[in-house]
């Protein structure tokens, strides 16, 4: 984790799936945010990253933890289209919100991916209740470590809270 | 298996990937053929069927056993395009030949899928050295059973052979 | 978790393995304790419970979290002997401390198992820095939930601490 | 496989479990025999070898294939006792016959293990219908290869048979 956490960069999203209204970090203030950056044709995302994000989505209360997918396409653009992504999410039964990162950012990366200086996919970002980026994992992170990191952030007071909050886990 | 094996229906393919020349059953006569019908966005295909086909591809000699994929798209047509399939095979490192089943067959199924009366994907078809369809598995078949079935066909004489052939396994 | 946590019952142990000195709850005060009750011939213990305890042992700092095995033999007494347990731990490369629960407790259960009213094996017990029993899982608990529960206890102040403690995870 | 197969050495067994009558190779003549040599505290045996032997036991007809376990204890003698083995087989629900290899053979190995010059456990031996040793795998062999090897032996004529036999697989 960085020595002094800084605000998570805003998301630059072309379209949202699995949600009625667009999401942004300001609207999620007060919750711990688990951001899963992936590509639908990235094998490590399909086999490990997305199933883990889905386990987080099913384990923690949405009142405490928001799981958000981000489709950060930096290769195979003509295959990983919004239409293909929609079919993929349907077939894999993923129901958490997914944003489509805006193409055309610096170094041929999509904008959000570039703003977070991600090295590739999958990348999991942890953002605290105050909107600060607290951890960023490229590749694999174990469920034990991730569960611990999420709880550490859940127990921090939300902005405006007067006392420490004790997160609950619904096993 | 059917009581009396019949010739495997011919393949009706729009395009081939991972091969310089188109494949057909006549050209494979003399070999045992393992035909893996799949869709790139079918979860059971991605997690079980295709990895198994790849294990067969790596385990048996290509002189004895031909592994052939068949992309039988019957849903999500605008997502499972030839371009997307090519990217998928690249990312998953599958190098066995894959045919793209011709769209527009009966009951909105692609032609080859319809000709084999497949119920869905994944479907694995075993074709003997003489071109007869000997087994067709919709869904899961264990490696133990599949290995045994392939060997049973490997040991049958090829058309024109004068004696029984003893297949070899390269572990 | 129980409405009001109570002190974890003391351990009644015949012998200790993988440690030079016997362990007890008083000596572990100030740490979060993960107690894994198992039998060496319990399949769920061998396949899930003990590997998970070992992951906890390797993930968290021993300064914060103590992982302790407890061999709670309630069947196959003549097979699950101390000698057999020692060979088992050696072959499976488990190096965290393991106590052998004292035989002859109530209802033919070993004493510690009975004191904790465990229903069987594996059972995982979480004890906080103050020695209070905070959770007890019979059977499976996911790594995500367990990681979160451990961190929740790690962040509580130890007895005598003046401020909240922030546990660290070594991924 | 050896260039010219030789008769499988006879088994020297102290006691049999999971069978009413002792087994020997003469009595199994006419069947393919899958001999799984293991130790109950050998991790590779517990996690891979024995589950695979059990899959073979459940997949092939006992009229064609005999699965036989052999407890070849060469270490931890005071832990891997007949009593402990009996409890182990019960807890793991293994119901195929298991022989206890006779202690006190050459080089401190049990007699059968030494006669087969096994290098360790698990070791899987394939014996054909005529009682000849045809393959011996120390460590891992894939289900695909094993299924193929078993079927190759199933299709050979049994001693006294007038024609080739075609083994059946019950998937």
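Going in written order, the chains are labelled A, B, C and D, and every chain counts its residues from 1.
FYI, a residue touches a chain if its C-beta (ideal position, glycine included) is under 8 Å from a C-beta of that chain, and two chains touch if they have at least 3 such contacts.
Just so it is clear, the structure is predicted and the values come from calculations on it, not from any experiment.
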Seminar exercise, completed: Farthest CA centroid from subunit B: chain C
Problem set entry | Approximate Å spacing (C-alpha centroids) for the pair subunit B, subunit C | 51
Exercise. Just how far, in Å, is the C-alpha centre of subunit C from the one of subunit A?
Worked result: 34
For this session: Any chance you could list the residues of subunit C touching two or more other chains?
Result: none
For this session: Assign the assembly's chain-to-chain touch graph to one of these shapes: line, ring, star, complete, other.
Result: ring
Seminar exercise, completed: As the complex stands, subunit D meets subunit B at residues 55-56, 59-60, 141-152, 154-155, 164, 166-167, 169, 171
Problem set entry | For the subunit A and subunit B complex, residues of the former touching the latter | 41-43, 46-47, 76, 78-81, 83-84, 86-88, 90-92
